[in-house]
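Two complexes come next, and they have one chain in common, chain A, joined by chain B in the first and chain C in the second.
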Partner chain A sequence: MLRFAYYSVIFLLTVPLLFGTAIAALPAFGYFPSLGSNEFSLFPWRDLIEVPGITQSIMVSLLAAIVTPLVALVLVFLFLASASGSKLDVWIRRLVSPLLSFPHAAAAFGLAFLIAPSGLLSRLISPGLSGWERPPDLLIVNDSWGLSLLLGLIVKEVPFLLLMSLAALPQINPAQRIKIARSLGYAPVIAWLKVVAPCLYPLIRLPVLAVIVFASATVDVALILGPTLPPTLSVRILSWFNDPDLSYRFLAAAAALLQLLISLAAVCAWLLLEKLAMLLWRFWLDSGNRASAESFFYSIGRCAMPSVLLVIAGSLVALLLNAFAASWRFPSLLPTSWTLRHWTSTWNELLAPLANTLVISISATVTALILVVATLEFERRRRIKKTTALWLLYLPLLIPQVVFLFGVVVLAESVHWQANRSLVIFGHLLFVLPYVFLSFSEPYRQLDPRWSQVASALGASSFKSFWRIRIPLLLSPCLTAIAIGMAISISLFLPTQLLGAGRITTITTEAVALTSAGSRNLIAVWAVVQLSLPMLGFMTALFIPKLLWRDRAGMREIR
Partner chain B sequence: MKDDANAVRNAWVCWLVMVKLKLLSATLATGIFLIADKRNVASLLILLLVTNAANAKDLDINDWSSIEDLARGETVYFNAWGGETRINRYLSWAATTVKSRYDINLQHVKIADTAQAVSRVLAEKQAGNNTDGAIDLLWINGENFSALKQNQLLYGPWAEYQPNFPLVNADRFPEMREDFSIATDGLESPWTRSQLVFYYDSSVISGPPLSISELLSWAVENPSEFIYPRPPSFLGTTFLKQAILELSDNVAALYLPVSASNFDEITAPLWEYLDALHPNLLRSGRYFPSTAADLRRHMGDGEISLALAFNPNEAALAISSGELPKSARSYVLQGGTISNVSFLAIPFNSPHKAAAMVVSNFLLSPEAQSRASDPVHMGSTTVLSIEDLPDEARKMITAIDYGSAAVSIDDLNRKLREPHPSWTLALEQAWVQRYSAK
Partner chain C sequence: MSQSRLELSDVKLSLNGKTLVEINCSVNAGEILTVMGPSGSGKSSLLAHIAGFLDPAFNASGVVLINGEDIGGLPAEQRKIGLLFQDPLLFPHLSIAGNLRFALPAQQSNKNHLISEGLKEIGLAGFEHRDPATLSGGQESRVALLRLLLSSPKAVLLDEPFSRLDSQLRREIRTQVFDKLRDAGLPTILVTHDQADADAAAGEVLYLA
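Let's turn to the complex of A and B:
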């Protein structure tokens, strides 16, 4: 049984991805038997080159892929360098998981409501400071270079990289390193950057690469914030894929492959940047410089995280105001009248997608958790080294979704596999599995083996000691893993959309569909529902252990 | 066939072993072998999937009660544009009603563009799926209807057998049997009427432009006060058609299939017009809203003071929902505006045709149509012939007051016919080619 789980995890992480990518690649070279094309040819690529504005689409995708991780990483490192151990640090650490659970689509909507010409920020300075009686004619959201898209991605990826860094930091013992550097006369921030950062970076390299790939190929954020004339490559792939003229499938396939190349190119460019940064760092280390620019780095680091928080908080406020506003004409800062109508009138439509969302996320997460626990237990019993499979876990995050899902859909269509909920759950499992694994594996491996040994010594079977000792001890990280898995599933747009063929609607697909269809109030209602689901999940994950272990002080300390 | 199945099974076994051994490249290669051969795909299908037995019940279209019996307990996947909340809510009311009355589960599949549904039906046909399609009922007209009809992908004729069909009085209103100059041949049932209208904020402007050419000079004098949705959204495309109907010297050609030879010549005045108009739009032509709802948001924010809609009651509805200021007013251009009827059709491979017909007949009933006309619900214009209705329904529909923002009935009589459907795609593609990459 355990062995089966172990291999099915490997199977799930590789086969659909590579299979899907391979299938997506065939029509890109003109091979698509069900459309009557049995010969290989380069015509899809010739068509792709001639698409108007394709260079612009590619440039925006590349720009997002490089700038997002760069800015996010710099902000996270400067924050960690300047705030470690401070009150701000403690505060942010508490907020980081809920922040991470803020779904991309909801965050993008909130940001759009914040920065649009008629948005909250513009109202804040109007008409007093700006003199605007009507919204200014400025192209902010959907701007042609994707700057608002960049902002949206950075705001979402900073918490992700921060969480990954916080998880990795204990492995390298930063306090001791800094103590030594400080005793040699280095200023605190400089010390962190010189002795902790170079050791921390390799540990979070895979998450950084995942950010690059996500930023280059995101669909839902780009639909909401990205440019429209022309849209990013990923959005265009989706629209070609849905074109009534089936010959566009060839173009879509070629573009999907191009998307893979772009993500790859961005990763290569990043690796070059790494080399450059390494040279600079070495030069900087050799210089023996101990304090210059300390206050500069310090002030950026201290401001960075609160500003990201402010943007997120502002987005949240903008969403909430819109969800309850009855009448809200520019330039009044707050709605002039309030209403619950947007909620009461939406309630009926919310129920079915809500049920779908819960069924899909719970099924995918529970399946993932069972597979993960079985795999970890198999590893433990067989004493398998943990490092071998790490890159495998990142595979679903390193191949752009739009590329391999495209292949999976083509395959499902060609074998008449009707889109249904189980197909969607399967698709979600591919994305939920890595996150559940990443969040649960460290606590599982670190649990003191002597607990189980004591249980065995007292005559308990390995089955009994697993259920009576390991699982209760690991309840809290287990629930956190469930909350993370569900949060990921809830926020998935493309897998639900493509594998469900639009028949399976979730809160996320409905919210994204409203981008062009609904009033701002309705969008806000859906976005608030979308973001409160994962929040509820995290709160439950915190609350249950507190309730269960309320009389057991010792259990509360085991994380 | 047996050999094939064996070959495939062997390949599968090989493949699983390779997965186990983590021979990734080999895994991939076998995978490609597995999918490359079409016959093997068929065998795979047999190995992997239990296919549903096709619903092969014969329909007797002359006996409506037998159709209602067959429909009981079925699920209808109704693919309808989901771009307007009011319509979505109306359909969810319809779903509750047909559930209680006919025991039919009506599922509204919200699509962004009807072309997606056309694409799906075509794909299913290509893949040989002739009995178990994903779509049972489709909201459709124009080029999408024409594409499906041409490829014989629609079930029918069925529309004129519906008990409620006589209520549209198709002899008096020929547009009930003609979709963008293509005969419907009973393959689709009328559902709703639309007409292009303009609306403006009367607290900002007093004399809105009354023709397409006036619109340009007005926009030059009042920059950033107008914008239209980008084609291929249907409102954006309708604006292009409206413009070319007024600007072209050769209107007759627009009612014939488009040909490569005359397209450039006939559309030249349109591009010249748009080149002059775009710098004066909101965001100077660097951005266009994606739908009518998106456009309405710009008006509601006070960014623009003139906009357009494909529902004559749109401004009135948006005022009552608080989306537009009370000063919004709508009107029809002096030379008339494009109007059309949209329909419901059933794909050839729908597994639930009986239930789809029952739903369509229900949506055509005086009860459903008068609710659809009600501004509190959907606010559309009915396809029923009001004079021919039973008293109660007639009173209900004629009593509706859309308020001061509605277009007068006289104005709505200034109708222009839709050009031939082939112009839709041609205009959309040309627009995208010219303006989508600035």
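Let's turn to the complex of A and C:
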């Protein structure tokens, strides 16, 4: 059984992805038997080149792919360099998990409501500072260079890279390194950048690459914040894919392959950038510079994280205000009257997607958890040393979703697996699995082996020692892994949309679908529901162990 | 009282072709064999081998016998070998009684009675529902010993079990542990750095290089 789980994890992480990508490539060269096209041809590519504005779409995707990780990484590193050990640091560390659970779509809507011409920020400075009596005629959200898209991506990826860095830091013992560097005369921030950063970066390189791929190919954030004339390549792929005229499938496939090339190109560009940064850094290191620019780096680092927090908090406030506002004329900062009408009128429409969301996220997460625990237990019993290579876990995050999901849809159609909830759950499993594995594997492997040894020395079978000792001791990280898995599933847009053929609606798909048509108030209601679900999950994961172990002081130290 | 006997016959442990431990000995009921040696000499690996937890990276040969029966093929939970580590390792999510009940064989009758009698004997009467985290170091050690005895082992391995305690408490706990193990007629192997432990054990002493 354990062996079966172990190999199914490896299967799930590789086969659908690689096979899906390969299958997606076939229609791109004109081969699509179910549409009666049995010969290879380059016509989809000719069509693609002639699509108006395609260059612009590609440029925006590339820009997002490079700028997002660059800015996010600089902000995270400068923050860690300047705030390590301070009160700000402790405070941010507590906030980073809930921040991460903020779904992309909800965050993007919140940001849009914050920075739009009639948004919260503009109201804040109007009419006093700006003199605006009515919303200015500016294209801020959906701007053609994707700047608001960039902002939305950066705000979401900073907490992600921060969490990954915080998880990796203990391995390299930063405090000791800093002490040595400071005793050699280096100012603290410079010391961090010179002796900690270069060792931290390799440890978070895979997450950084995942950010590049995500930024280059995001669909939901780009639908909400990205340019519309023309939209990003990923958005166009989705619309071609969903076109009732099935011949658009060829174009969609060629574009999906192009998307893969763009993500690859962005990754290659990033690798070059790494080399360049390495060269500059070495030059800087050799210069022996100990203190200059210290205060510059320090002030950016100290401001960076609170600014990101402020943007996120502002987005949240903007969402809440919109969800309860009755009348809210432009220059006034707050609504003049409040109402529950948006909620009562939406309630009936919310129920079915809510039920779908819960069923899908719980099924995918529970399946993922069972597979992960069985794999880890197999590893432990066979004393396999971390065979599940890390890059394997990142594979679903390193291939653009839109590319391999396209292939998975074609594959499912060819075996007559109808687009239904089980197919969506399967798709979610592919994305939930890596996160559950990443969050649960370290606590599981680090649990003191003597607990199990004592249990078996007392005569407990492996079964008994697993259920009575290991699982209870690991309850807290286990619940956290469940909360993370559910948060990931709840926020997934594209897998639900593509694998459900638009017929399986979740909170996320419904919220994103409102982008073009819906009123702000309705969007806000859906976004608030979308973001409260993961929050509730994380709160439950914190609360259950506190309740269960309230009389067990020793359980507070076991991690 | 079961009278058992633990024998190590030509037991040899090696790692990457390098021999760490070669031992040939027999420990009678109520006797304590002390094994001493510097860190890395393979003391703990020897205990892990006897208990059934040896890392497969090691090569082990020879036979471990309890009452003449080879236990080499048995999984750890069927070997009936009790373990005491440096830390008492009381399961933090179970009460004291929960920890003790975990050790009792499933078909054992009268579990609650056995537990309360056991606690009375070690001077902790009425501690059933206490949180293990609220015990003092000495109390924890005594509960760990009681837990081990309730699992009715046939032999006992002690892996530096007193090194965590300060010197006064160490003497007291050491005496209690040794007395109990002798009374129970258990063959015991003690691994330690402390000559005073070896002296108190008053049995054969083996030095590993």
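Quick note on the criterion: the second predicted complex is superposed on the first by the 556 of 559 C-alpha atoms of A that agree within 3 Å, B and C clash if a C-alpha of one lies under 4 Å from a C-alpha of the other, contacts with A are read in each partner's own complex, and residues count from 1 in each chain.
The rule we apply is simple: a residue touches a chain if its C-beta (ideal position, glycine included) is under 8 Å from a C-beta of that chain, and two chains touch if they have at least 3 such contacts.
Given the structure is predicted, the values throughout are model-derived calculations rather than measurements.
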item: Which partner reaches more residues of chain A (counting touched residues only), chain B or chain C; value: B
item: Partner chain(s) touched by A:P117 [first = chain B, second = chain C, both, neither]; value: first
item: First (chain B), second (chain C), both or neither touched by A:Q453; value: second
item: Which superposed partner A:L473 touches (first chain B, second chain C, both, neither); value: second
item: First (chain B), second (chain C), both or neither touched by A:S441; value: neither
item: First (chain B), second (chain C), both or neither touched by A:L522; value: first
item: First (chain B), second (chain C), both or neither touched by A:S361; value: neither
item: Which superposed partner A:S491 touches (first chain B, second chain C, both, neither); value: neither
item: Contacts of A:D551 with chain B and chain C, given as first, second, both or neither; value: second
item: Chain B and chain C footprints on chain A, overlapping residues; value: none
item: In the complex with chain B, residue positions of chain A that touch it; value: 7, 10-11, 14-15, 18-19, 22-23, 33-35, 52-54, 56, 117-118, 134-135, 137, 139, 142, 144, 228-230, 242-246, 326-327, 329-330, 339, 345, 348-349, 411, 413-419, 501-503, 505, 510, 513-520, 522
item: Residues of chain A touching chain C in the complex; value: 383, 448-451, 453-462, 465, 468-469, 472-473, 475, 549, 551-555, 557-558
item: Contact set on chain B toward chain A in their complex; value: 19-20, 22, 24, 27-28, 31-32, 35, 38, 41, 44-45, 48-49, 51, 77, 79, 82-85, 88-89, 92, 107, 109-113, 115-116, 118-120, 122-123, 126-129, 132, 134, 144, 147, 224, 230, 233, 282-284, 286-291, 293-294, 296-297, 300-303, 321-323, 325, 432-433, 435-438
item: Residue ranges of chain C in contact with chain A within the complex; value: 51-53, 55-56, 75-83, 85, 87, 89-93, 102-103, 105, 131-134, 147-148, 151, 153
